[in-house]
Structure formats: C-alpha cells, structure tokens
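Chain naming follows the written order as A, B, C, D and E, and within any one chain the residues start at number 1.
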Amino acid sequence: MISINNVNKHYGAFQVLTDCTTHVNKGEVVVVCGPSGSGKSTLIKCVNGLEPFQSGGITVNGVAVGDPKTNLSKLRSHVGMVFQNFELFPHMSIAKNLSIAQTKVLGRDLAEAEVKGLQLLDRVGLKAHAHKFPGQLSGGQQQRVAIARALAMDPICMLFDEPTSALDPEMINEVLDVMTELAQEGMTMMCVTHEMGFAKRVAHRVVFMDHGRIVEDDSKEAFFDSPRSERAHQFLAKILQH
Amino acid sequence: MISINNVNKHYGAFQVLTDCTTHVNKGEVVVVCGPSGSGKSTLIKCVNGLEPFQSGGITVNGVAVGDPKTNLSKLRSHVGMVFQNFELFPHMSIAKNLSIAQTKVLGRDLAEAEVKGLQLLDRVGLKAHAHKFPGQLSGGQQQRVAIARALAMDPICMLFDEPTSALDPEMINEVLDVMTELAQEGMTMMCVTHEMGFAKRVAHRVVFMDHGRIVEDDSKEAFFDSPRSERAHQFLAKILQH
Amino acid sequence: MAYNWNWEVFLQPSATGSGTYFDWMVYGFKTTIGLSLTAWLIALLLGALVGVLRTVPNKLLSGIAAAYVEVFRNIPLLVQLFLWYFVLPELLPTELGNAFKQSNPFVQQFLSSMLCLGLFTSARVAEQVRSGIESLPRGQKNAGLAIGFTLPQTYRYVLLPMAFRLVVPPLTSEFLNIFKNSAVCSTIGLLELAAQGRQLVDYTAQPYESFIAVTLAYVVINVTVMVLMRRVEARVRVPGFIGGK
Amino acid sequence: ESATLKKIKEIGAITLGHRESSIPFSYYDDKQQVIGYSQEIMLKVVDAVKAELNLSKLDVKMMPVTSANRIPLIQNGSVDIECGSTTNNTERQKQVGFSNTIFVIGTKLMAKKNSGINDFPDLAGKNVVTTAGTTSERLLRKMNEDKKMGMSVISAKDHGESFLTLETGRAVAFMMDDALLYGETAKAKRPADWSVVGKAQSMEAYGCMLRKDDAGFKKVVDKAIAGLMTSGEAEKIYNKWFMNPIPPKGLNLNMPLSDEMRALFKSPNDKAFD
Amino acid sequence: MYEFDWSSIPGALPFLAKGMLVSLEIMVAAVVIGIVWGTLLAMMRLSSIKPLSWFAAGYVNTFRAIPLVMVLLWFFLIVPHLLEQLLGVPRGTDMRLGSAIAGFALFEAAYYSEIIRAGIQSVSKGQMAAASALGMNYWQSMRLVVLPQAFRNMVPLLLTQGIILFQDTSLVYVSALADFFGTASKVGDRDGRLVEMLLFAGAVYFVLCFSASQLVRFYQKRLKTA
C-alpha cells in the first residue's frame, strides 16, 4: 500500500532524512517512534507529498508521490491525515469541517456529505456536538473530530502524527480508543506516537528512527522484547521507566 | 509550613475554588492531581499570592498571604515556583536568569550570585550551558534551569505546576529525577502533576481536586490503593490505563 | 488673542455664488467619503491578492509581490500622489496622455487620487494579510492540503477566512488611515474635506472655525468607521476561538 | 500706544513673515536668503521702526508663511509684519490690518503663444488653471457661473503647480496676478513660448499685513512706505526687480511700470480695490 | 513627452541636505519622545487603575481620529501661543521646529503606545508570574522582564512605524518648515523644475526607506534564528 524507498531529504545543508526505506501493507498498522527531531513528522509528511524530498521514491497505492505528473490533491484526498494539533478549521462548525472537503474535493452533494459527516461523528461519539465550533470542544473531542473528518473522505490509509501528544492525560485514551477500533477494522495506518501501550496493543510493526535514519524496522514483538540497536534500547528505557 | 483554610475564589460568577483546606508540613511532599480545569493551578498560585482569593486564609511559614499588610514580594522570594512552560527569561543568558533575582531582590552582590548560580547549575547537570540562552536548550534542560533558578533564592518550600507536561516523553525523567532528589533532601514541596509514577515514589500525601473542591486528601498509599470518591477512581482508571 | 469668532460664516453665501460655505464643506465631505471608499475597495482587493502572493511557494510570484509592496511602501504618499497626477500622464503614449489631461479636471484629480491612495494602501493591506496568513498555525495549510484541497482551495476555504478574521483590527486602522490620508490629496487640487477647509480660510479669513469644523468632521468619520468595524468584528467572531495569535 | 511697538522694544526683536517662492516679491535665492521686492520694502520698514524706537540694535527674525497660515500667525503674534504678495481685501480686514499698498497688480492670463488664447472670452469650454486661495480663483469661478462659460477650473496648490498644469497641457491658460505670471514665464524651460495676455479682470492692492487695531505700528509702517514711494526710491526698487535680471538664474521679467503703480507712487494709500 | 532638465539639482544639494537634516531631526526627536511617552501610555492603558486606563484610551483614540496634517496645523498655530503664556518663551521665537516635533511626538506616541501595548501583551502572562514568583515587585518585573521582551518583539514594528514617520515628515509643509520634501518642492518651484525635483526626492526617499526596511527584515531574521 505505502512503499518508501531510499528517500533522502535535506533543508539546505541539513539532512533530515537519510536513505529511508520501509513498506506498509494493506491492513497493516505501523508505529513510528524515535527521539524528538529524528525526522518522524517529516517522513510521514513525505508520504502524502506535504513535504517534497530530493531523492528516492514513495508510492501510495501504486501512485508515485514524487512524480511531478501526479495529481497530489487527488492522492491526498484518499490518504487521511491526523495532526498533533488537530488542525480543525476554527471558523467552521464541526458539521462543516466534516462536509467541506467532501463537497469541494469529492464533489458529493451537500446533503449526502452531511449525512456521512453525522454518521462518522456518531461513530466517534460526538454526534451531539455537530453544530458547535472547534474552539468549543476539548482537545480530545477535537482530535476525534479530526479523525472523523479524515474518515469522511473514505481514505484507503491513514497517517497519524503524534495524535495524542497535545492532549491532557485524561483525554488521551478517548482518542486511542477510536484509533484502536479503526485498526481492528483493518484500516492501513502509519502512526507516529510515543504511546507504547497503544503500540503494544495494536501495532503490527514498529519503525524506530534516529537522526533521520530508520534504525529499526521490526515486528512489534521483536522491537519491544529485544531491540537491536543501542539507541532504541536507551529510548525504550527512558520512555517506559515511569 | 503551608496552611490553606477554607479558601474560596471566583472569577465573576464562576467559582474556581470552593472551601479548599489542606496543610503541608515541613519536609512533606504533597502531590496535587485532578482533571483539567479543576483548579489545581489556581490553588497553587494562591499559595504565593499570584492569584488573589476572596475568602478563607493561607499562611506560609506563619505569614498570612491574603493580608494586605504582607509584603508579598518578600514572601514570594522565599517560595520557589516552577511553571509548566518553564518561564525562563528568554532575553537573558542562563547565568543571568539565575543571578538576576538574587541581585535585584535579595540584594546579593553579583559575584556571589553568579557563584551560587553556577553551583546550582552544576547540581542539575547543566554547568556547561551557563552562557547559552534559554531558546538554545531543550525543554527538559530549560525546566532543570528553572528549578535551579528557584533554588538560587534559598526557598523554604517549592511549588510545582505540572513541571513535566510540556516536555517530550524522553525528557520527562531528567526533570523528575531532579525533583526526586530534592524531595529526598527534605524540601517541602507542593506539586501539581499527572506523573503517577513520581507520586507513588516520592509523595507523602496526594490531594485530589475536582470542580474547585478538594475531594480527597490522603496518604499516598490510601489514595492509590483505595480512593474514596468515585471521581478519583475514574480519574485513576483513565490515567493509569495505558 | 485678537480673534473674531464668527460661526455664522458657514451660513454665508460663498464668494463664487455657488451655495453657502456650509455647502462647500458638505461637498468636501462627500468627496472625501467617495474617494476613500473607492480607494479602500482597490486597496482591499489588490492588497488581498498581493498579500496572498507573498505567501505562495513560488519564488517569482512572491518576489513580484514583495517588490510591489516595497515600492509603494517606501515613497511618501505626497510624492506618489504627485507622480500619479503630474508625471504618469507624461509617460503614457502621447495620445492617451493628452486625452486624459484634457478630460474633466475633477475626474483627473479624483482618478489619480483614488489610484494613488488605493495602491499606497494596498501595499499596507498586503502586509497585514500576509502576516495574518503567517500567524495561522502552519498545520492549517497542511491540514487543508492533506484533506485533498488544491492550494487555491486551501487559501479560499481554510487560510483566508481565518486570516481575514485575525487582521480585522489592523485593517480597521488602515481603513481609518485611508480617510486621513485622503487629506493629502488636496495638494493636487482635489477639493476634499481638508482642501475645502483651507479654501474657507482663504475666502473668509476665519481659520479657526474652519479647522475646527474639518477636525470634527474627521472625528465623526472615524467614530463611524470604528463602530462599523466593531460590528464587523463581532459578526465574524468565531465561537470558542480566543485571542488573535 | 502700540502693543506691537512695545513688544518689539521690550524684546529687541521683530519677526518678519515672508513667502518662499513668490517671485519676485518674496522668495529664497540660491543661498536660502530671502530676497525680493516686498522683502526689500519690509527691510526699509524695519529700519524705520528701529529709528522710531531709538534702538541701537534690533534683531530681525524671519518666518516663512504660507497662504493658509499667514493670517493666524499674524493674529497669534508669531509674526509682526508680513510683506509678500498678500492682497488687501475687506474680508481679511476683519481679521488683520493692512499697511499702505506696496504693489498693484491686474489679474491676467498666461497662455502658449500660438494657442489662440488672447483674452478671457477665448476660455469658454476649456480647462483653466489658477492657484487655490487667490482672488483670481474666485474671479474665475464667479465669471464662469455668471457668464455660463462652461470652463473647468483647476485650483492648483501653488503657482509652481499651476504653471506645471499649464505646461503639461492640462489647461490652456493660467489666470493669476500679472506680476506673478511674468515671474512664472521667466522660470519656464522656454520663456519665449509663453505670453501674458488679456484684459485685467481686477486690480488688487498688495499690502503688508499687521495686527488689527494697532494704529501706532501701522502709522510707522505707512509712513515708511509712503516715504519710499514719494522719494522715488520705490521706483528704483521696482526697476531692480522687474526690469533687470534677478537671482537665482539671472532672469529678466521685463514688466514695465503700469499706470496704476505710477499713480500709487504719486499718492500712497491703503485702499483695497474691492 | 515631457522634457526633463536635471540641471538645478546639483546646485540645490546643500539646501536639500539641510532639509534632510531637518527631516531627520524631527524623526529622531519624535521617535524618542514618542516611544517614551507611548510606553507610559501603554502601561496606563493596561493598568488596573480605571482613570489612567481611560485617559490613555481617550488620548490614543483622539489622536488616531485626526489626520496628521490637521494635528500639525493645530500644533503650529497653538503651541507657540501656549509656550509663550505658560513658559514665558519670548514672543516671536521661531518655534516651528519645536511645534512640529511636539506635534509629531504626541501624535506618534498614540501609535507607539498601541504597538508597545501589543508587545507587552505578546509576552506570555507566565513571564510576569515567574518574575513575581521570584519576589520581584511590579516595577522590577516590568523593567527587567516584560518590557525588554516587549521591545524586542516589537522592534520590527517600531522601526516600521519610524519609517512611516520619516515619510510623514513631508507633511510639515503645513508649517512652512523646510524639511527635505519641502525644500525640494520649493527649489523646484523657484526654478520651474518641480517634476525633476520631486522625482529626485521620491528616489531619495525610496532608497532611504527601502534600506531601512531591509535592515528591519535582517533584524527580524536574526531574531527568529536567535
């Protein structure tokens, strides 16, 4: 489904990604982790072309992302993405947040889009809030709306970039629950997160990055039980200690 | 050392704190927890007079905080406080951050203040960074500097307001380690945090707040093993699940 | 101070036989309003366009927009006005220039002033719009793109609506500025409010009455605009959204 | 008893109001010194004031004024006397006083030599420029209303802009005080292209402005001016500025002494023409 | 096509330089006074003492409601008179520069105070709390912690306002003060070369203001990376 081959990216002289290669199969859930600044966000943004890269190749569902001929907007409309800070559109009601791209990008008619939006809101447990604005919801609720918004486009796969790291501890689980459910339904997911509990429960594979390189790319069992690299070892030690 | 008696506070019609009463003895470490918006930050800010309150009384080391005759600046200079977002002064070097209040508030001479500052930096493992500016340090490092800055004033007790919640997961422990050490040295501490591992290890007592009330105020053992209120039960369940 | 106050001067028939002096002030007031509003329209449209261009990921377009802003920002309005009115027609093809110059003088003055004020202000509006767009969280643009919007759609549905809300306060002061700056247009002979005030001084030798009247008229315009823009601000306020940046 | 004289005596200084580019009455030369016909007369007046007050030393301060601010400046005491190109008329007399007339002009037209504009009737339906705030402006506007000439009157900020309006072809003629028109002609890139034409529409008396109701000061000023005129000195000054090359570019206005001026020099007075 | 004749520029350079000096003098004095007074106004505006905050708001709104040209005109006509009566400055003293500076400074202070107010508000509330928590009193917190950051954050805006102010000095034509623009237009008028002189003036303004705004940009970049 997602195939990343020898991707290199730099800002000026600074190399952010070095020779990154990994693959995500249909229905697979891959968790990406690693220290801050290691290039996780950058990698995931390269997947749907939000960040250009200088060499290597990425294909999503057979479409080459780096190819200038690719219709990126179209590609992105099939790839759901959820951000650390939710990035709901603050000037639109929740209902509108869910319907706008359906109507303007997919060309669905408004009524259909709204019905679909309400269904998905219901699914994330927020049907009652459809008329509110993002600023009136808690962080956890906003992030669930953001997931619903991505789902409204009927994505073939989903990308998550630290979806819970801006949340109060109490709200983390309500978001993780939605994600877990998604994973169990067979959604293909690539997920940057530090929630190791979630990774242990849901992930099929874990990719560990450091300094722009993919240092480990292993089944979840192998990663948690016996990380091969010293760096991953340290990282796990630090993050799991408390 | 710190004694909070029937404190009430409201913003307009909104009651933020209702009848809060608790005491912190010398050398005691009290952890304050509770859902977002329950009034934890407000309570702790009332202790050193950063927030005024409408009724009730707080004394710190025998000095009444709410008394208009109290010299609040003087009182605060003896009470160390550490904030969620570090709040180092970004326009001053680390060394200057540590010395400025010593010279301007305590009237120490600059050389003495700088020596003291360096000692404390050394203690939090950051001596090498004295000449840098806050923006050049990682979050964890900044928070350790903030703790050192508070210690430089020779505080009789320390207040912490979610000192680790703005940090990357990897950095949380380096800050908690410094705090643990402080606690073990017998510093009186009142600490708002969701790090239950830290609470279990270090706290003597846990105060649980909800909707502006102190719902539980118990020894750590009693709190974790058998929280009396339903709300605390739920809270612990959510926060400890993952 | 030896001054003969005479507020009745406004009711006197004017020296040229066309209405009272009060009528003159009204005429000037209308000209100021008409000029400022049309110039504001230009400034807003052009400013939004240039402001957006400054933020697009295209070196050429953003470069052109930047140059535009620099040129119109860094020459005093007074000089620009002079260039628009006196110099530009000379640089046009002779026939076009002559046709313009032989047209009704009021039209010439009004058009020059309108273009000058409009473009001058558009540079400032562009900067506001740009800073509004840049002050949005970077993720907003990514979120728009990620959901499948094209770049223009992202601007249209995601960035601009919020950016404009954020910059309503600074735009209000630009809007006020355009009224105030229009006072400078009297220097090319356009009989707007300030110019009529000065005319009144020349014709009636009652300077203070006239200056006070003009000053008050500007204050009235200002208060009106402020009240209006407050309404706009309240109207577009996003529920639950706190603060500007 | 004169308040102005008293003040001048007290502080030992007098402040003169002058114009900055009213050629050849009052303007800056290329060393930023104020020169001109009116300026020279004003300096003579200062001498007379000094003599009258028996002062050994009198500081002279110069203050440039514009048509918009000259009246308030006289009134609030910033300027004691202003000799430039200020017309003495009845409205202004309500606010300020005027000395004896120092110059008489006629309002005429300046036009391109071969343009076919020779007098006011030729202006019907055309664009005509004049300077804002001048008597010419009201005459022109009034003429337009009264005779339904269908002119478009352009009011430029100052004489320089008026002439520019004419020179760039925006207007076919420039109506102004004849003396100033001669001045503008002399400054033109090609002076020979332009001529001053038409029957004078009005006569105007330039006077020096003083504070109102200060008879004592006015008496001294009037006496000094009258003295210059009857002694023949004024005519010498006239010739210096109107019939000879003048700074900064050595232009010659070539404007012969008019009958009205001759009459004025013979019997000095402070009458306004309206 | 218009025939350009640039010959009167070289001879006029000394006057133009003098005019530029006047413009700069006004700008520098107005910026300095404007920032000091503007800071005080901003602090009043943010103060919890209602009358102070009302006064500041009233002041700022009044000055922002009136065109600068009118402000200058009023100051030109009234300030000399006031000074005479209040301070006993001898009559007839040339106070054009003084009243222009006063007019500009008081006018610009209204704008500066808004910038500085935004600057103070841009400093996170936590900074004030942190300073207080260390035992600093209000003035110490303001002086040592909040204002330095407020100014640093606002330097680009303060400078940009300075550039606007510099351009606006051309408006002192109402008080017949020979600033750069006024000098250029007077010389142009006297010599019948108005177009050339004003084109030249426009070019000079552009070069100066553009260089200044590039400096601002450079500074902004440095701020971001620091």
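Throughout what follows, a residue touches a chain if its C-beta (ideal position, glycine included) is under 8 Å from a C-beta of that chain, and two chains touch if they have at least 3 such contacts.
Quick caveat: nothing in here was measured; it's all calculated off a predicted structure.
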item: Labels of chains that are neighbours to subunit B and to subunit C; value: A, E
item: Required minimum of steps from subunit A to subunit E, each step between chains that touch; value: 2
item: Between subunit D and subunit E, centroid-to-centroid distance (C-alpha), Å; value: 36
item: Centroid spacing, where centroids are CA-atom means, of subunit C and subunit E in whole angstrom; value: 21
item: Inter-centroid spacing, subunit D versus subunit A (mean Cα positions, whole Å); value: 82
item: Residues of subunit D whose C-beta touches two or more other chains; value: 68-69, 72, 76-77, 161, 164, 168
item: Shared interface positions of subunit C, touching two or more other chains; value: 1, 86, 90, 207-208
item: Chains grouped in pairs wherever the two touch, ordered by label; value: A-B, A-C, B-E, C-D, C-E, D-E
item: In the complex, subunit A residues that touch subunit B; value: 35-36, 138, 168-173, 176, 194-195, 197-198, 235, 238-239, 241-242
item: Of all residues in subunit E, those that touch subunit C in their complex; value: 1-2, 62, 64-70, 73-74, 77, 81, 122, 163, 167-168, 170-171, 173, 181, 194-195, 198-199, 201-202, 205-206, 209-210, 213
item: Residues of subunit C touching subunit A in the complex; value: 137, 139-140, 142-150, 153, 157-158, 161-162, 165, 238-242
item: List of subunit E residues in touch with subunit D within their complex; value: 2-3, 5, 11-12, 15, 18, 73, 76-78, 80-81, 84, 90-96, 173-176, 178, 185-186, 188-192, 194-195
item: List of subunit A residues in touch with subunit C within their complex; value: 45, 48, 50, 72-74, 76-79, 81, 83-85, 87-91, 100-101, 104-106, 132-137, 149-150, 153
